[in-house]
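Letters A, B, C, D, E, F, G and H name the chains as they come in the text, with residue numbers starting at 1 for each one.
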C-alpha cells in the first residue's frame, strides 16, 4: 500500500488517523521509495538475494534456500560454500525435490537454476592462468545466474601475447569484460588497451613471494585504470559478475 | 588499404609481391582490425586523445593541442596541468584564435570546448566533503567533454545521512554514479546500497593521519565491491569520468 | 594498614622503626593510593580480574577460577578460551559445584555468572553482518558480566540502510554504542553520524582479499573519528565491552 | 509538522493528497526523529558546528563565521587553520566587532569565545613530550569550547616515570583522560593502567625513522586497548576533545 | 606458409582472395614472426615448455608430460609439484616406460632427463644457509635441465666471511652467479662486490619475525643492485635458473 | 705459520716458491687474523657453535651434537627444535650416554649441560605477560648456557605498574636487561627509563589484530631507543640472550 | 630525607603524623630509590641531560643551555638543531662567555665542550658510504661528549670488501662497534660476523626507491641480529652513541 | 707485483723479509686475486669508477673528476647530480680544458666522453611513457659510456599494443633489453614474453595514488620474473645500464 493510497484512505475515512500513523510507522521506507527500489531490483536483476556461505553453517544456508524457494524464487545463488556445507544443502534440497547444482571449483551453489539471457550483449571472462579459474568461475556462474550470456577466454596471459591476440575478435565483440589475473596483473592493462567496452579487473591471490596475497595484482590493476578499467576486491569473482550483469542490463 | 584490397592488387598485377609484402609488414595491424578499432573509438567516444599534462612542459602541451586542433578535433582535454603551464597553452591558443577553458581547481584544461549530450542518462558525481572537489571536478569535466549530462551532488557525507537521503531522488535517477571520498570512504558503500546502477568509487588522498594518502579510502571502497561498486586509482577523477562515459554510452 | 596508621603505630611504640620501614618497603604502593584504586575498581566495575584464556592451558585457567571462586568472586570472566580448554574448566567447576557458562561462538566462559544492572543506561551492540557475531558476543558478554543492560542490533549493514534506519530509536536511546564491522567498516561512520552518545568501533578480521585481516576496517574506522567515535583493536570485543561498561558506570 | 498532523490536515481537507505526498516526500526524516536529534545535539553539546579549516580559504571560513555569529552562536570553533587564513578571519571579525581568538600552536581559532563549565568532572590531557603540544592544545581548546574544565599534564613521558607518578593525583581525579603521544605511544598503556576512567589515546606524527608518521604510536595504542583505552586518528586532537566532552557530559 | 608464399599463391591463382584473407586472418602472427620466435626458442633454450605444478592435479600434470613426451621432448621440467602429485606422475611414467626423476627437497620433477652442457661457462649457485636449499635446488635443476654446468656453493653466509672468501676462486671463475638468501639478504651485496659477472639475487621466505616472508631479503637485495646485481621474485629458484641459463647461452 | 715465517723459509730455501705460494693461497686468512679470532671466541664466549634446529631434521641435529660432543664440547645449544625432533636427539644421546635436557616451552635443547657463571653481573629477563614465556625462556637458557646468572622477572606488564615498581630493586641491580614484550611493547620504554644498564628489547609475535605478528611491538621498541635501549628481531630470544652474555662478559 | 629518618622523626616527636604523611606523599619516590638512581646516573654517565633540538625554538634551547651552564654542567649536548637555531644559541653563549661548538653536518651542538676519556675501550663507528656521515657524526659526538674515545672507520661498504678487511685490526680491537648503513644495511651483518664485541646497528634513511626511507636497512639489520647485533631507530645516531657509551662504561 | 714475484725477490735477496711482509700486509688482497679483479674490470668495463653525485657537493665531485682525469681516465660518469652542482663541475672542467657533457633530464654528467662500442650486440631501452624518460636516459648514458650501442624505444606502453608490436623487430634483435615503466609495470611482462634475451626491468616512481612511489611497478615486475626478467631498484637507471653492459660484454 503506497503513501498516496494511505492518504486517500484517510481522506475517505477508510483508515483512522491512528491506523494510518501506525501503517506509516511500520513501513516507513515505502514512503522513501525503498520498497519500490527493491521491487525494481528483483525485476531487473533476477537475483532476489545472494547467500554468502562463508560465515554460515550448512543448516543455516539450507534454511534460507528453502524459505526463498517457498517464496517462488529461482536461481538462488550461494557463494563461498565449501563442499561439506554443500552436501547438507544438497541433501535438504533433494528431500524437498528442489533441483540443486554445485561447482566444486568455485564453491558456488545454485538452487532451482534456470538458464536465460536478458542482457544486451556478451560478458567475456578473460584470465591469464589456470590457477585463476576458481575466481573466474565464480564470476561466470554469478553472471549466468543473473541472465547473461558469458564467454570464457582462459589461459591468455600477457607473457604469450599470441594466444590473446588470436582471440581478438572475442574481445572486440564483448559488451563487458571481466579480466581476472594474479601475479603481476598486467592482463587488465593489455585487455583495457585492446577493448572499448568497460573492463572489470579482478586481482587474485594466486601467486607466491612478492605477490603478497594479491596485493601486487591489485596495485597493478589500480594503476592502469585510465582507460576504462575499474577494479573489485581480490578474489571477488562474485562482485565482478554482479557488476558486469548490471552494466549488461542497462537501458 | 585493407588486406583484401592488397591481395586484389597483387592478383591484378598492380602490386608486386615485394611491394605487397612490405605493405603488410609496415602496417601489420590493419590486418588485425586495430585501425578499425581506433576509428570506431573516435566516433563513439568523442575524445580523440587525452593529454596527461603532469609530465609535459607547457610548450609540449601547446604543440599537441595545436596539432589536434589543426586536425579539426574539438573538446581537446588536458588533465593534471598546473596554472603555469596553462598560461602558456592559453597564450598560444589565443594567438591562434582557439577557444580555451581552464579550471584552476581540478587543473583541467579544454581547448575548443563544445557542450553536447550523447549519453543514455545522467552521470551523478557524489562527494562527501568540499576538499574532494578537485577530484570531483576532474571527473565532471572529463565526462562532460565526452558528451554526458553530469549532476553534481557534493557535501553529502555519511556522517550526516540526512543530506544524502534528502537527495535520494537524484541518486535513484542516475544512470551511472561516481562516488568520490577520502578519509574512510564509506560513501561508496552507502551509495552502493541505495543505487541500482553501476557505482564507480574514487578514493581521494584527502585526509590526514591514518588515511595514509588515500590508502584507507581505497581499501574501504575495495571491500564494499559486492554490490555493484568498482574502484579506480586514488585521485583518478579522469579515469572515473572516462569509464562513466563509456558505460553511459553503451548500446 | 595505611601510612598514617603505620606512623601512629611507630609513635605509639607498637611498631619498631625497622618493622615500619619494612612494611613501607614491602607495600610501597599503598602509600601511592594504589590499593585504594584497586579496591575502588572492584566495587565499581564488578570484575575482579579477567582471565585471558589464549595463552593458558585449561588446567591453568581452572586453577585461577577456583582460587577466585574461593575468594568469593562471582562473574568470573574468561575470554579467548577454545572448546577443549572450556571442557576442562567445566569439569572442574562441576566437581566443585560452581555454576559455569560457556558460549561456543565467542569463546567466552563465565563462572558463577550473575545477571544484574548497575549501569546508567543501555549499551547497544550494532553489527553489519552475521560473521561478526563472535566479536559482538564477546562484547555483549563482557558488558553483561560487568553489570550492564545490553541490546543487540545485528545485521544492519550500511549496504541496506533501511534495516539500520528502522531501528533508529534503539540507536537514539543508547547510552553507549559498540559498532562492530569487518570489510569496509563504514558502519562506525554512519552510526557515529546518527547517534549522540560515545561510539566504540571494533574492526573485525572478517572479510577476504584487500580487507587484509581487518586492516581495511581499522583504517576506515580511525578515519571517521571526528564525531565521537573511537576505536579499539581488531576483534577486540572484550576491550569494547569493558570500555563501554566503564563509560556506562560514570558518575 | 508531524505525520499525524499531516494526516489530520488531509482528513480535514486542509491539504490535498498531492500536497501531503510531497510534504512526506520532502521531509521524510522528520518522521524518523532526525530534526529532533539535531535540536537535541545543539542543546546538549554546546557546539553548533565545527569548521574544518584545512580545505577552505580564509574568505570561506570568515563567511561561515559571520553567518553563525549572525544566528547568535558563540564559541565558533575553527580547526586546522593556518596563520594566513586566520588573519583574514581576524580582520573580518574585527570589522564586525566580533571577539576572535587564535592559537598559533594548534592552529585553532575561536570566534565569540565564552568560557563555561557544564561537564561532570575534569578532562585531563596528558602528553609525553613538548613536540606533541600542538595536538594537545587542539584537544584542550576543543574541550574547553564545549564547556569542560581541562587540566594540562604535559611532558610526563614514560621514560621518566617519576614525573608521571608524582602527578598521580591528577590522573586519579580525572573524569576522562586524553593521552597524547608520538614515537612509541607507551604513555597510553601506562596511563590506562593507572586510571580508572575512560582514556582516549591520540597518536601523533611526531618522531622520525621507524615512527612512520605516527603508525608506530597508533599500533602501539591499539594494542593496549584492553583496559579502558580507545584510539582516535593520528594527530586528531579535535576528535579526542570532542569525544572527551561527550563522555564528560553524559547523564 | 609465409606471407610472401600466400601472395605468390594468390598471384598464381592457387588461392582465391577469400582463402588468402582467411589464411592471413587465422594466422596473423606468423606474419609478425611469432612462429619463428617460438621455433628459435626451442632450439636455443632446450626447454620446450615448463610445467608449473602448483595449480594442477597430478593427473593434469601427467597428461601434459605424456603429450610432450609423445612429441619427442626430453628434459620435461615440472616445478612446485608436491610429493603426492609426483607419485601420480611417476606411476604414469613408469607405466609408459618414461624415465622420471623427482627431487623431494625442491619439489622439482624431470621426465626424460638428459644431462648435457651447451653453456658458455659455469653457473654458480651461492647460498647462506641450509634452509635456503629447496630454492637453491630448484635453480640448480632448472639450469641443468637447460644445458648448463652448475656449481653449488652452499652455506657461505656473510656472518662467516672466511667460508665465502676461501671459495673466492669459484666465484671468480663463474660466468653467472645465483645468490640465494633469506633473512637479511646481505649475501647478494657481498657476492656482487666480489664477482664481475652478472649476479641474480633470489630472496627466500626463510626466516622469522621481521623477515616478513622474504620482504626483508627482497628489499635488501634491491638496494644493492648498483653493481651488476638484479633480483627475481621471492623463492623463485626457477626464474633465476632460467635467466642464468639464458645469459649463459648468449652468443 | 705466519707470513714472516713463510718468507724466512723461502729465503732459507726450506720452502720452494711454489710451496710458499700455495701456502699463502690456501690459508690466506691466517694472515688476516681470522684463525685467532675464532680461537679467541671459543675461549671467551663458551659457546662453540649454536645449532639452529628449525631447518634441520632430528637426525641431522643429532649428528652435529654427537660430533661436537666427540670434540669434547659441552653446553651444546639447539634452538627452535620441536618436540618430535628432540625425541630423536634424546634417544641418540641416551644411547651414547650423553646427558640431554629439553625445554618444551621454548623448544630449546641442551646436550651436556653444565651450569657455571663467568659473567660480570646478573642478566634480568623482564616480560609483560605469560604468553611471552617461550621467547623469554629461549633467552634465559641461551644466556645460562653461555655462563651467566639469569634472573626471571615475568608478568610485570606496564598496565599494572605496581608489580613492576615493587621489583625495582631487581631492575636496579641488573648488569644487562632483556625486555620481552608483545602487543604494544611499552615495557621496553618503561624499563629503559628506570634502568641505567643496557636494555635489549625483544618484540614478540604474541597478540592479535593490529599487533600484526609483532610489528606493533617492534616499531614501538625501535621508537624508544633514545635511552639505552636497542632491539633484536621479533621472537629472537636467542639473539637477545647471546648479546646479553657478550655484554655481561666484557672486560 | 629517607623513610627511616622520617619514622625516627615521628617517633621523636620532631614530625607530626600529618607532616610525615605529607612528606611521604610529596616525595613518594625517594622511598623507591629514584632520587638515588638519578644521582647515580649523573655521576656515571657524565651527561646531565640531552636537549632534543627538533621541537624547540633557538630561544628555548638557549634558555636550557644557560640554566644548565649556571648549574655548572659542561658537555651540554644538543641534537637535531638546524643552523638557524644554532646561531641563536651561539650568539647567546658568546654573550655569556660560554664556549660553544656546532657541527653543521650532524646538526649537533655542544656547549662547554670538554674532551675526556673514562671508557673501558674504544668505540668504533663504521659506515658504508659518505652519505651516512651526518648520522655517524651524531653518534661520534654523542659518544665523545659522554667520555669515550671514538674511532671513525668510514666508507667501508660491503660492495668493496677490501677496504673493510684491510681495516680488520681496528674492528678486532673495538670494545663496541656502531655500524651505520643505509640502502641494504648488509654492513651490520658483515661486521657482526667479524667482530666479537657488541655491535649496534643504525639504519639510515639514505637511499632511494625501495630503500623506503630506511625500512630496507632496518629490516635487513634486524634479521642479522643472531650474532651480537642489535638495532636502534632509523637515523638514530644519538641513541647508538648513548648506548655504546653505556656499554663502554660498564664495570 | 704478484705474490710469486715477491717470494722470488725475497729469495734473490732483492727484498728483505721486512719489506716483503710490509708489501703483503699493505696489499693483502693482491694475494686473493682482488687486484687482478680490479685490473680486469677496468680493462673490460671501461668505467674506472662511477661518481654518485647525490650525497656530494659540486666541489667534491669536481675534485674526483680532476683526479681521475689526471690519471688518464676518460668517460668519467657522474649520476644523480643536479644542475647547480653540474655548473660547478663544468666551470672547473672548462678551466682545465676537460671536455664535459651534462644531460639535464637524467642528471647525468660525463667528463672526457668518448663514444665507442665493444659490446656483443645492441642494448634496447624500452619505455611506456614520456615521464619515464629521465630514468631511461640514465640507463642509456650509463650503457653508452661503458661501450655499448644503445637503441631507444620509447612511448610503447601496453595500453597501446600496436606501437609496441610494430617495433617487434627491434625487440627481436636486441642482445639485452632494459624495460622501464612506472604505474602498473606491465611492460616488463609483455616484453619478457616477446623477447628471448635477458630483460632487466626498472620500475619507476612515476605515477600517483596507488602507485605508491614505484611500489606497484616494482611488485608487478617481480611477479613476472618467470621468463627471463629480473628487476633492479626503483628509478635505478644506472644499475640497469651497468648490468646490461656487463651482460653485453660477456665472452
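In this section, contacts are C-beta pairs under 8 Å (C-beta built on N, C-alpha and C of every residue); 3 or more make two chains touch, one makes a residue touch a chain.
Note that the coordinates shown come from a computational prediction; the quantities given were computed from them, not determined experimentally.
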For the copies chain C and chain F, the interface residues, called same if over half of the numbers are used by both and different if under half, are different
If chain centres are mean C-alpha positions, then the most distant from chain E is chain D
Rounded to the nearest Å, the gap separating the Cα centres of chain B and chain C is 50
When centres are defined as mean Cα positions, the distance from chain A to chain B in whole Å is 26
Cα centre of chain B to Cα centre of chain E, whole Å, reads 42
Chain-centre distance (mean CA atoms) for chain D and chain H, in whole Å, is 55
Chain C touches at least 2 other chains through residues 28, 32, 165, 194, 209-211, 215, 218, 222-223, 226-227, 233-234, 236
Each pair of chains that touches is included here, namely A-B, A-C, A-D, A-E, A-H, B-C, B-D, B-E, B-H, C-D, C-F, C-G, D-F, D-G, E-F, E-G, E-H, F-G, F-H, G-H
Per the touch rule, the chain F residues reaching chain H in their complex are 3-4, 7-8, 10-11, 13, 17, 20-21, 24-25, 28, 31-32
Given the complex, residues on chain C that touch chain B span 157-161, 165, 183-186, 188-190, 192-194, 207, 209-212, 215-217, 219-224, 226-227
Given the complex, residues on chain A that touch chain B span 32-33, 37, 40-41, 44-45, 120, 165, 168-169, 172, 175, 194, 196-198, 200, 218, 222-223, 225-234, 236, 238-239, 242-243, 246-247, 250-251
Listed in rising order, the residues of chain E that touch chain F in the complex are 129-131, 162, 165-166, 206, 208-211
The answer for chain D against chain B in the complex is residues 26, 28-29, 34, 54-56, 203, 205, 214-215, 218, 233-236
